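Chain IDs A, B, C and D follow the sequence of writing; residue 1 opens each chain.
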């Protein structure tokens, strides 16, 4: 996923705010799923969400408004009721800007942990990169 | 409603980003309703939302991180299926920072326009300040 | 500018929050300028900002997570110390989702109104569409 | 720090979005500093920022619009050029909603690591809670 830092994502330090990265990682997950013909929108419409239970981010370089960034996302772990993703965010010059991991729990509409639906589990299992 | 500008709400101009004001006005509506014993949370739980159909903001003064602001909200118009609010945002020194109006349509969970529930309509009617 | 609604931009009504539109319009301005070889990043680096002094948005249709949207931006007015833009946001099916206008004042780093730099003024003058 | 979940902070799952927590933790740091007569605003005005280099969040409970939350912040580590904070976010019923840690590097306006100013270092040293 390639994108540019939005002006609204900057802060008074003149750099992208650290919370904006969290939104980018989420967008990276959605695109990663789409690339594997998995629609997160449809999963949610079916009543299952991948709620975030843990998030770790290491920020290495500051990025600025209008910088073009490239986000690589991969699925690193799959459990019956959850999964984990890893992210590497790079600048246009290929420097590593940030790395992160997120852990997710499949939940129903009431927030209870549920099993990942069978067709999703199969598709995800085929796409793991440790 | 009194609050401080959050760091995340600033942008690289060193001032609060203009989209942050929109979030503040919404918070002002929620507090205005609470002050009149109307819970927007309960209205939503009952399936009715006050969707924003129009928003006009005039920005007069820039505000900065950690500035303490005071937001005055008032209901200016009530219709069977909607209402309008007006906002005046002031600095700690009582300077007008921004003024705004928002127009709302009562909608059900499918986004269809509906009448404002009777008990809400009565409470709102009693609270109009033109 | 084409883009998709991010998950973080939705709210509990299940639709894109009205403040997210304000961020999209800003991104539309930046891309509109880029298409005319004007870098808003460079303008800011040179000490001049186009601060928002007024914003009017009419919301016509709710949009949802992952919806693909198209934003058309145009410059409608140019003054020595400011300018105005108009926006039309459309769904993939070409329905008008929202229309908006924004008015801007050129300011220096201390927030004082200044003239738009000569080369920018000339480029903008050539690009007005009323 | 006590505050309520803003409507704009919810997402279509009907809960506060996980990126909102990151903004709350930052606000918690600012208030923690203020309680010790340290103004983060003045630190920044003097050209020093506490840039985030690492962030770890564990989300335990979902929270909803208008929920009242209480955030406890503490300084857990101090180095010549940085520090770490820990956060515990609790519901009004005192349940732990999330725990987090953030690591910071003192930087100058060009993003270079610098020593924490002497007066700040002394105040911070007196306030460490491991």
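Everything that follows uses one rule, which is that a contact is a pair of C-beta atoms (placed from the backbone, for glycine too) under 8 Å apart; a residue touches a chain by one contact, two chains touch by 3 or more.
Since we're looking at a predicted model, the values are computed, not measured.
**Student:** Using the stated contact rule, I'd like to know whether A-B or B-D comes out ahead in C-beta pair count.
**Tutor:** B-D is joined by more C-beta pairs in contact.
**Student:** Specify the chain most distant from chain A by Cα centroid.
**Tutor:** B
**Student:** Could you put a whole-Å number on the gap between the CA centroids of chain A and chain B?
**Tutor:** About 32 Å separates the centre of chain A from that of chain B.
**Student:** As a quick test, compute the distance in whole Å between the mean CA positions of chain A and chain D.
**Tutor:** Their C-alpha centroids are separated by 22 Å.
**Student:** From the C-alpha centre of chain B to that of chain D, how far is it in Å?
**Tutor:** 27
**Student:** Which parts of chain D, given as residue numbers and ranges, touch two or more other chains?
**Tutor:** 7-8, 12-13, 15, 19, 22-23, 26, 44, 64-65
**Student:** Would you tell me which residues of chain A are touching chain D in their complex?
**Tutor:** Chain A residues touching chain D: 12-13, 15, 18-19, 22-23, 26, 44, 49, 51-60, 62, 111.
**Student:** Using the touch definition up top, name the residues of chain D that touch chain C in the complex.
**Tutor:** So the residues of chain D in touch with chain C come to 7-8, 10-15, 17, 19, 64-65.
**Student:** Considering only the defined contacts, which chain B positions touch chain D in the complex?
**Tutor:** Touch list, chain B to chain D: 6-8, 22-23, 26-27, 30, 39-41, 44, 64-66.
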